[in-house]
Structure formats: C-alpha cells, structure tokens
C-alpha cells in the first residue's frame, strides 16, 4: 500500500507538463555516482491485511498493564483515561493539523492551547504557561537555562531526590554551555535543607526541587524556598506531579519562580514512556525569557475574539541562534488530551483522582509495612501516591516473583544508585482494594523471612 | 456516571420556573398506585472505570476470530475491513445524527445514501435501490410482499437452497397475510429446475432464488429465469452475495425483478450476527412499490444540487396502514461502512476480494477432498467462496476437534436438516495459504479413517 | 456542494491493496466462464486520501448531537456516551461469528442474558426477546405474537387492532403487515383516549390495543386501568409502543399498569446512537402467557453457562432476523443500564420530564399549546398563532431553527394537532441548552411578526438552502448516472 | 466564536465519576494539613456532552490534511494512513510502562530495533538512536554528539559550526544550545552553498557543518562531495538536517555522500501525524566512529531477545528524554516503512519530486521563481512581481489561499528570498489536487491585478478574519481570567 494517489498515466502527464521525458531527467543534478542503483535492503512491502497480521503477532509479545496489574511509576503513571479523551484526540481535524502558524484556519488548535495554558496556570498558580515541552526532564532542563538567561549566574543546585533521568537530561542540556551543577543531599527521603543551605551562594542561578520527589515524598517546599531565596537572584524551580496539585499546595504558594513537570498523568497513555509532555509555567513578567510556543488571545479585524501564537520573536524560527530555545515541534496533541481530561474531571474529579491515589497508596504502604521483613524506607516522611520500601531480598527478586503472579510490583531502584533491596511502588486510583490486598497477600506468601 | 448534566441547583431553578415545588407534582397524573415505591432491582451503578474493568472481564470470555482462525460463513463473513472505514463510521457527525428528515442539515447522510444506492444499482445492474433493510432475510421477505403488491397473486415459490434462516423470517413475514409458500427441491446442491417448472403456475407471485446459495453453490440463474418468467406476471427475486458480484454476472443479466442480499460482507464487522444490513433493488418503474427509505437528488432554492428523502408517500409515517412497509429505522450506518469500503476497494479491489476468496476456497476444497474419508458434497457444481463437505464422522465432532486446534472449522448443517456429517466451509481473502494448509493438515492428522 | 465519489474516481487509483494471490488459480478454471461478469462493476477508484477528503468534509454537513439540541419528539435524541463506542469496538466483540460454538461466545451471551433480564425488570414484564432489529420490527414482532396467541386459542375471528389517532405511523403499518385491520380510536378533549369511543368500537373481533404511553402529546394516559380492563374483557391484548419509555423508567412499570407486551427502542431509551437512521434495536417484552410465542432463540443459562435457547421453538412465531438481532446495539444498551443502575435510570426519567416541562414553561407564552397540562418527557406546541396572524407555517419555523444551530422538532405530528411541533429535549440537555433553544424559539416568534418573509426563505446559513422535495419526486434521481 | 471551557463551567457538573473511595482514609491523616491545598483549583466543571459540544465544533475550525492541500515547504505535510492510527491504539502498545521487565516488552522492543536498522539502511549510516522527541531535539542531540566527539579527541579549540544562510532557524538555535558559535555561510547565485565563501570561513575551529540537502530552496547541493572534503579536511563533521529526507529516500543515501550524522523527522518523512504541533520524533543516525556518543539506551538484540542496551554509557552523551523518546510515533513510522518497503519508499521520493516540479511548472508564469531549475521535493516562488506592481504581499496571498480552501505555503522563508513562498506538495497529493491548488494560485495572481484590496482584506470566509498579532503581543493575554 503506497498511499500515493497518482497513477502511471497521471505521472506521465505530469512529466510531460514539466517538460521532461523521464523522472531521471529531474534528478540529473545529483551526481550519478551518488544515485542508488539498487533498492534499499528492507523487508518486502506489506498489504494492510498483512501489516495487521504482523502487528497482531508483535503486539501479542507485549504484556501490558491491562493484563498484569501495575504498580510502576517513577514518572509515568497508570491513571484512568476516560474514553471521551480519545474521541477528541483521534479527530483528524486535530491530529493531522500542522502547527497553528496560520491562525485563521487554526482556531481549534489555538483555542485548546490557550485553555491548556490556563489550566496549567490555575493548577500551579503561576502567571503564564507555554504550549508544552517534550517531557518533564527537558522542561526542567530548559527552566535551568531560562534562569541563566534571567540572572546570568552559572551554577545550578539540583536536589539529588529529583528523578535520576531528569538529572541525566539536565546534564546533557547544560554541559555544552559550561553550567556548574551542584547536587544537594537527601535526608529521610527528602532534600536535606541544611545541606542546601551549605551549598547556597551568590553564584547560584537556580535551585531545582521535585515534589513529590522521585521517591514519592512531598518536599518541604516552604522551608526550602526560604533557603533558595536567601539569594534574591536565585530562581526556585519546582518540578511537580500535576495530579498531586488536586490536593497539594500550588507552587505559587511557596513562591516558585518556574514550575515544570511531567504531564503524562493527565489523560495520556503510557506507550512505554512516550510521547510524554512537559509543562512549563513562570511569572508573567518573565514571559519573554520562556522557551517554547505561547498562545495569546487577541481579536480579528472584525473585533471578534481570536487566538494566535504570540511572542514569536523569542523563537528559533525568528531569532535563530539568539532564541530562548531551539524547540519547534512540541507535544501539542498531548496537551489536548490533558485539556479534555481535566475538562471531564472538573474541580472535584481531579481532587478525587488525587485523593484516591493517595488513600490507596497509603493503604498499601501500611499493608506492606506489616509484612515481616518489609518496611517503609522513609516511615516519617509524607508521600503522595508513591513510596519506597525496603525488602528482605533484592527488589529484582521481588519483581520477578511478583511477575509470576501477574503483578508489576514496582521499580527496582538499584540502577539509580539506591540499595538493591529498595523497591519503588506507585498506586493510582485505578487500583482496586482487592488488587491492593492481593499485592500484600502475594508478598506475604513469598515468605522471604 | 449518569450523563445528566443538570445539577441539583439547576433542577430546583427549573422546577421553580415550571411552578411546582417538587418533581412529584409533575407526575400527579399517574395514579398513585402505579408509581413505583422502590428502586428497580438492578445491579448497582458503575463508574466508567468499573464498567471498563467489567467489560474487560466479559470480553475475555469470548474467543474471537482474531484468536481462532475462522472458516465460518452461512451468511456472515470474515472479510478484511480497512481501518479507514471505522475512521469515517466512528465520526459523531455520522453516528449520532438522526434520520435525515431535515434535509438542509443532513446532506452528509443523504449524500452517502445516494452514493450507496448508486453502488447497489451498479453491482446488481438494477434501476433503483432503497436506503437499506434490516438484513438479507427481511429484505427477501419484503421482496416477496412487494411482489404481491405488484401482481396481487398469493403464492411464492422459494428454493429450498436459500438460507434456512431466511426461510424462517419469510414465514414470519408472510403468515399473517395468508401467502402460500411452496418450496422447490434441491438437486446437486442447487435449485432443481425441473421441480421448479413443475411447481410454476399462474398464481405464482414470485420465485426466490439465492446465488451463491446457502450451500455456497452458484445457481443457474439464466435457466431458472426462463422458468420463472414462463408466467409473465411472476417476479424473479434474487438474493445475492454482494462480494460475489465482483466477479459473477449481475442479476440484471438474468432479468431478476427484485434483487436483495445480505450486505454485512461489505465492510461491516460480524458482531455475532448484528447489525447486518439488507440491500434491496428493483426496476425503476416499480419504485413506488418498494419498502423503505429512498434518497433522491434535487436542488435547493438557489439551484444547487442537494439530496432529500423522496417518495415518502409510500412510507409508514405518511401512509400508515397503507404503507409499503412498516420499516422506519433501517441500517443506515452499515450502508455508510459499505460505501466507504467499496470506495476504498474500487473496481479492481472488489474483483480482487472476490477472486482471492474464490481461489482460496477452491484450493481448500481440493485439499480436503484429497483427504481419505472426506469428499465434496457437490463436486460437479460450481461454487464461489463456500462449499459443503462430507466428513467421515459427524460435523459436530470435526468442529470440536478443530476447535482444540484453534480453528473454527465451519458450520454444522445438521440443525438445518442436512446429514449430520455435512460441514459448510467458508473461505475469504483473509485466510492465508498457510492457514489453508494448516486446516487441511489438521483434518488429515485427525485420522478419522 | 460536494462531488460524488463517482465524480472523484480516477482509473487505476487504489484505496487498499491486498496481498498477492496465493494460490493464483485462473478464475475460469474454478468457475464456468458463462457465470463470470463480463464487464467489471464501475466501483469508483479513489486513494485513501481521496476517500477521507470526501467523507470527512461530508460529515461536517450533518447536524449531530455534538453540535446541538435535537428536540425531536418521540425520537429521544439523547447523548451517546463515548465510552460505549470504545468498549463495543473491542476485537472480542467485533470479531465474533454468530455460529461459533457457544463455549466461545460466553462473554457476549452473558451480556445479552443480563440485558433480557434487565429489560424485563424495567418493564415489569416476564420475558424479553432481543431479536427485533428496530422499533418498527419490535412492533411487528409484538403484533405477530398477538396473532399467534389468538390463533393458538382458536380466536380466528379476532382480526382488528385498535390504535389511537395520535399513534406513530409505524403502529398501523405494523398491524397491516401482520394482516390485521386497524380501527382508529379518537382522542378526547384532554388529549387522551376517548373512553366512550373505545367502548363503542371494542368487540369480540378486537385482537388487541396498541397504545403509546405517555402518548405522542407527551401526556400520561391516566385512564390506563380502565382501558386495560375494557380490552382484557374481550380477551384483547394490551400492547405498549415503548417509544416513550424514557419517561417511565424507574417510575412506572408497564407490566404493572395493564400492558401485556411492548417493545423497547434501545436507540432511544438506552442511549445507543441513531446512526443517521439505524441500526436500532427493538426488543420485545411479554407477560408469561405470551412467552411461548417469542422469537427463537432466547438466551438461556444453565450450569454449563449461557446458551441459545430454542426450547419453545414449536410455539414460537419463528424468527424476524437472520441471527440474533443487532448485537452491537444491545451491548451499548447493556453498558448504559449497568452504568446507571436503578437510581440512574429513575433520574433519567425524572430529568427528561423536568426538562420538557421547563422548556414548555419557557415558550408557552409565545406558541400555542393545545394541551397545556404538565407533560411527561415531551410536549406539543404548534404554530397556529403564527400561521393565522403572519402566514408563517411550522415548516418555516422548523427551517429557521436550523439557521440558529438547532435541529427542528418533529413537525406536523401527531396528526391531531394542526401545525404541530412535538418537542422532546431529553435528560441529557442542560438548562443552558434549553434556555438557548427557548431563546431561539422566542426570537423566531418575534421574527414571525416582524419579518415573515425571512421565515419563508429560511434556512439561510445551512450547507444547502431549502430543498425542493417536489422536484425530487418528479425527477426521481436516485442513483448517480455512471458513464463508461 | 466559541466560548472557552471556563465560560461553560457550571458548579457541580461532572464529566466522569470515579468508583467510591475504598479505603476512605481522611486525607489529613495521611498527608499533613499544611501541605494540602486550601482552595481547590478552578478546573472547569462540565458534563461529557458539554465537553463534546465544545471540542468537536472547535475541531471543525481547523484546517487539516483531510480538508485539503497543506503545501508547507520543509514541513512535509503528507497524508497519515488511518490503519496506523488504529494499530497504534492496540492496548498492548498503549498500556506499557517504560520500566516493565524487558521480557514483557518484546513486541515493542522488536519494532524499535527494526526501526533503528531500517533508518540506518535508508540513511546509509551505521547506528541510530530513536530517543530525540522532535526534529529540533534531534539536531541538538546531533550537535551534542559532535561536541562529545571533539571533546573525546581533545579538540577543545573547535567552537564553531558553519550553517548556510538558507538553513532552518532550528539549526543555529540548536548549535547555540550546545554552546557553539554559529558561522553563517552565504548562498551562491545558483541557490547552493558558496564554495569560495566556505573555504574562506573554514578553519581549525570548525567543529562541523550543518546542511539541509536538498536545501530549503528545494535544490540538491550538488557540490556536496567537495563540501564534505573541505569540512573533513579540518576534522569537522558533516551534519545533515533530515527535514528534507523525503526527497532522497531510496534515491541517495546521506551516509554515502559525505554526511557523518543526521536526524530524521518521523512526522515528516515517515507519515506520522503532526498533531497540531507535536508529538514528533527526531531519531539521530551516525557513522560508526560517532556511535559511542549516541544517547543511551539503544535497543539491542541477543539470544534472549531484545533489550535496552546501555553498554556504551560511559562514552554516551547521556539522555535527552526521560525514557526512550516518543515511542507511539516510532510505531507509526515502523508501520509506514514496513508497509511501503524499498520500492514504495523510492516511489515516495520520486512522486514527491514530480509533484513539486509539476506544481512549479503550473504556476511559474504567474509568480517569480528566483531559482527556476528543476527542483527536488519543494520549490520557492515569491510575490515580488505582485508586491512591486500591485502592493500585494506574500502574507496577503497566503491569507487569500485560506479563503480558497487551501493552507498557505511556508512564507517569508528561506530568508534569502524576498517575499518567499516555499511550496512542498508531497507525494500524497494527486494531480487533481495540484491542479486545483495551481488554479487557486493563478486566480489569486489575477485578483492581485484586479482587486488588490480584496487581497489585503483576506481571508474572508475563515472561522475568524485576519488576526491581530500585534495586539496579542501588546495585551499578552495567555490564560483565561478565572473568577471565583
């Protein structure tokens, strides 16, 4: 199936109009020795029926989270997604559209981005949101770069409790420009405030804290902020779980300067980790320093409300090497999913998702803590929907044993530099009480002790 | 999830505007003793998440034809359906629309029905098609009734080789009005022409022949027609597989007067047998006798081409007990699927589907006939994509044994009055050569002999 | 306007390719040449992008629930939940053949079994067949059951069914299809059955009575007990046209107020989509003594699981569908019932009734309402004031509503109300939506005064302007003229 | 215009319900009160029908591929096959967590492994990472690899990347993000790199050269061999911006004409949808000596199956995405490649080139074309004639095209052509479609003569008229003002 509509007859008519006798005449400009004489070495073409059969076979080699019960998190979460989200997102009018540069025929896209920006502002309490970043990691990396644009300082302090993969991405994004990265210690599963205070100095451009952090724990943002802003030039960058903002204090309340986060949990499928989307919000007076697209409301020549891409002078297609970022394609359709998702949930629905996730996580944590040999890593530290446990055997063994019971038990933290017996468990509102109890029972019956 | 938008506050405002204090005041007119005092005895309401979980569990109790390889036919066929069909059919603009009575805001529906009617006319060679009937069975039953309206004769001859379920529906539809049904014998798997000639007389309103018939065999329509039209008043009713018309002679070529058939094979999923749709076409001069809706092209007040429901004076909502049928809702969305399907296939595609189905069916028939103990029931009779075999053991046993090999082997014809060793096997273009060979190998390895 | 797919065809284009032929046997070696088509059918040739660029813009020319109110009386155009569309597309539902072994169909069979029971509970009847493919076929099936019942009793003289003059057109048509003579019952000044007239026409030839309740005026037939008693006194059967069941769910059980059988419209009451005119589904419910006549098979349950139950096939009226009816529609109805539960279904009825009364209250000063009692889920206004004063007809008003983004009500029905506009908002419309519709109606009433010409020329903003129906009949252009 | 979702909100409405809380533990017993939000976020409250009635009509205000031609130069707006959308939604793809055991991800891993290999084969490069989430991130990743390569070699003095003046804006922006200084290369009178200028700016500080080929004028850089030789002579690396790979597939392998690394745009070349601005996917391919620097993990294969390969993590630049990039986009690209095969991909390039040249031939008498050679997959026309004679700008012409049902070309780019209109039809447009677009362009050329005022006031028929961008900047209204 080639998806090329033109027939050979049409092709010949077109070549005639062009004034050539063959296609080859059109590419004479390509040096002959560079022109491929043979076909590419790819598998033979498939009809749609054959493709379907092949994909059925391949898909059956995956075991997904509808088949096995999942307690995996670490940045990507198995929240319930109303079917109505895909009804909207799967409309060709949305998904085959281009970036809305021609505002007059892109009001659909522009308006939902404006609505998305409003939702992000409301969740975070910030003054302005952009139209999205690639993911939570690049969002926070770009926040660090933005802070440098603001204060021209050359050091960033990163809490060691943020997502380890975020750290790797931050390193990729900041190494070239020579930014110094300083890491702040963890204590009781949260950023060590005293250690942060020790590391603060006049050269700190920004401090990055994630809450809930990688371990699921809720950071003491109020206290941290006081330390950060002990240097009035230093920007306080928060990376937050948007679902948590249904019940947790908004970043504006603790005076965050830039708020970022991973948005997947808002109505987007996991897809083995992508697409994700990063959200990015800040104070309105820093709008011109922001990376990424921004939609603004305006009017058309008849005075009717209309939307358009605005502040484009910051962007790469105008400003080239002086742009605030190189980002061009972002994750627009994912923000549409988030906008539809939040519209369906509404005020109470988001609270409910956050509340039930927290309730169920705490219920499971209690159950597990009561199993001989198991304990919570940070029993005194508040957490949201995810928590780390200490197992009597390696997390890897627990994961494998639970897999045999058709449960994805959690994330093994060994590769992230934690003790090999540490398991990170995430619980969303989708997990039923029976599933939680089954989890605990299964662990108990392992009789590791 | 109630899908009721109004909140309690709005409900109260509305009751106030109505001028009542409570909902109960609105239904005072219902005698008190008839008003239910208790809730209905139904299972408790489910959230969307719970419904999804329940349906996942129920769906897993089915074994579908993607899991087991299907050779089932008998009126419903497992042809390949391009994904693009559902892209169109799943658009709310099509599936949540009502019957297109208000033409000005229903041109989408009206135009596709007009296109569908054209496709049916072209496939069958007839002059006019309606907008659909419920299924192939009711289409042929209504054809018989239409013949009576035409010639006022009170006897119909039905080939015993038509689908047995069609016969049951014909009986339901004709019993009340006292039509005499006469059944014509089968010989070599086809309608016995001599027997038909014996039964023909001046009172025969119509003769019904299906081709390919229930046994998959292609009827000798040219010869049959001569017998039917030996009475010039008698109408020749054909029920045909639309896919077969990709390669078989159109009913107009053998002077059919009314052409009906089951349309599911044209781009509609099987869904355990419904929705199906019946198509119905006839000579244009009999348009006013037709059952069902018809779309016609016309113009609007500005002279632009437009479509509308036409000849409505035949229909129940205008003509009431004198209507040509009681049909109101038909199977509109199924005809949209058929229209999109045929548009994608095109001229060559339909030929290809028909040809490959026939080729693969004949290949399998040959393979099976070479297995000791197995034989074709009608080795001398031409068939299209379906054929009956004689097994050395009961068809039921073969079906059960093949089920263990994850194959739906075919339809047991015992309950339809055939020998218990008779198995009806259908093959579509979806079956791969490997699947056909596996089928034969599996049968052979049963070693029934 | 859009070109047809035939005008877009280009020889050689393909919207799909199949795998190579394997085996590739020459056709005329397997099918005699004289049976083969000589000239290919002129199916249009388009690429996939051509097909999309045809049908997607075409779809946008339709009104649909997602664009705005669809106040069609008796049609119950409620919102169709999107989750149901997603669930019904599970491969394990879509790809089932009707003749698979029952052991491989247990999920779907369980759903149908439970749906049978739920409909029985909702209706207060004893047994339900899901087989009829639409409401009118449900009526036909029900009347066939009445026929079978009387024949079984030897009541061969019973050849008449009584139907009120306010009834849907399908009712008399369905009776005629079964071979019954229809006797029309008048409505009284309250918009209900005229009891005196009923008594005068009931006799030993009366096979049954077919009633819509609430009736098409949106009024509850409050004399139902007496009506049933009259009909039952001559061994007639009481048939309920279930088109308006939306008003009764959880409030009243038809089986408890005198009805012996009824049909359900799953595509009205139970939120399955109308599909631009189908597929619907019209299950039939009956009291115990009529159960032997239901179509075969029903869905049964025993220790081995769920099965197709043909046990009453000797007494059954037989079949009305090749297989088991419109299963995909039934699945959606089941999802709906199980999502709402008893309290939810009652809320549906309550809110449908409140919405209708609210809307009536909003517009009653602007349009004549012949029966201004509190209504159930719908009411009938009319344009007699506008017609008389300004020469504006219901058709004009209906077309003008299209300009304002709404669908028109059901018009010129019921027949007993001149210039009728039968309005049913359903419970899925919000107060805002009703307010907006009422505003449009009131604006139009004003326009009738100020600019009747505008009304005659409406609609002005729709994809096409007012369509010439007369010409359509005269020309009878029902298929595109293909050329070679 | 449409209200925003915030204006449609009604307190208490719900678009979804969750199961009852179980367990139901008071929140402040599990999370300290002082961490809890005091005032709920003002997420709008709508029912499902409200949400549908908002977003479905909103969608209809967009242009999209299914409505008509999208001739955006360099953006490669080709048709997105519908089957891919259906396959990618299989639950077994959608519901995979990135940290599941590899044994449970074998289907998706196999696809990604094969996609890596297919992209390597198409590009003639040795190794591919799929991780970058978009084209610009692919560029960033590629430039980071150049940086890492030179650092590993101790080439600390190399701090400059050369980029032609016709390049996409992302190129210099990506270099800046890595910390490179950008040196701009002039184009010559043939619209290609000015070799003399190149020689004058290349020196030991040159870390690499970033080229789009075919370039943004749609012209093949036919001096590529000499360019590569100049750059390689100073140990610079040749980077290909793969935005225009659609013109080369199956015709030329970038790795064989001197490029050391490149990025791919799966959402351009491989028919994955643009999504209104993403998600895209920007894999990076490199020659063997650069492979150690690719992001981790790659997808590997051994006797146990497919796995995440971190074996080069010491030399790797690290990560550019939290997990593995935009997997759902990759799946679609794999479906595309495997459906088309080698012959199909070559046909894509051929037809893209033929379509562009045909369109150029149709309009070249009506619009000035600065570089009128045969083009590859796109060409640049301009409105200098219209501007000079009638005062009509490219912007006016672009807006007028919207009135005629087409999207506008990429305008005012490349920067080296005044009043540029960069036109890329792609291979999925049919001759009819190109003819229609050309007719519209020619009509507009006529309108410029006859009625320039019409052009200034265009568009006239779009959902909104010409939008005031200046006001948008001035007001900076970027979120709806919520009230309590």
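The chains carry the letters A, B, C and D, assigned in the order they are written, with residues numbered from 1 in each.
Throughout what follows, contacts are C-beta pairs under 8 Å (C-beta built on N, C-alpha and C of every residue); 3 or more make two chains touch, one makes a residue touch a chain.
Chain identities (UniProt): A, B = Aminomethyl-transferring glycine dehydrogenase subunit GcvPA; C, D = Glycine dehydrogenase subunit 2.
Note that the structure is predicted; figures quoted are calculated from it, not measured.
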Self-check item: Chain pair repeating A-D, as identified from B-C, A-C or B-D when over half of the contact pairs by residue number coincide
Solution: B-C
Quiz item: If you tally the C-beta contacts, which comes out ahead, B-D or B-C?
Solution: B-C
Self-check item: Chain centre separation in whole Å, for subunit D relative to subunit C (CA means)
Solution: 48
Quiz item: How many Å are there between the centre of subunit B and the centre of subunit C, using C-alpha atoms for each centre?
Solution: 20
Quiz item: Which residues of subunit C are in contact with two or more other chains?
Solution: 10, 13-14, 16-19, 46-50, 52, 56, 60, 65-67, 79, 81-83, 85, 87, 428-430
Quiz item: What positions in subunit A touch 2 or more of the other chains?
Solution: 1-5, 10, 46-49, 52, 66, 80, 82-84, 86-87, 91-93, 429, 432
Quiz item: So in the complex, which bits of subunit D are touching subunit B?
Solution: 10-14, 16-19, 46-50, 52, 56, 82-83, 85-87
Self-check item: Touching residues (chain side subunit A, partner subunit B) in the complex
Solution: 48-49, 52-53, 56, 66, 80, 82-83, 87, 91-92, 429-430, 432
Quiz item: Taking the complex as given, what residues does subunit D use to touch subunit C?
Solution: 8, 10, 13, 47-50, 52-53, 56-57, 60, 65-68, 79, 81-82, 428-430, 432
Quiz item: Where on subunit B is subunit D touching in the complex?
Solution: 1-5, 7-10, 46-50, 82-84, 86-87, 92-93
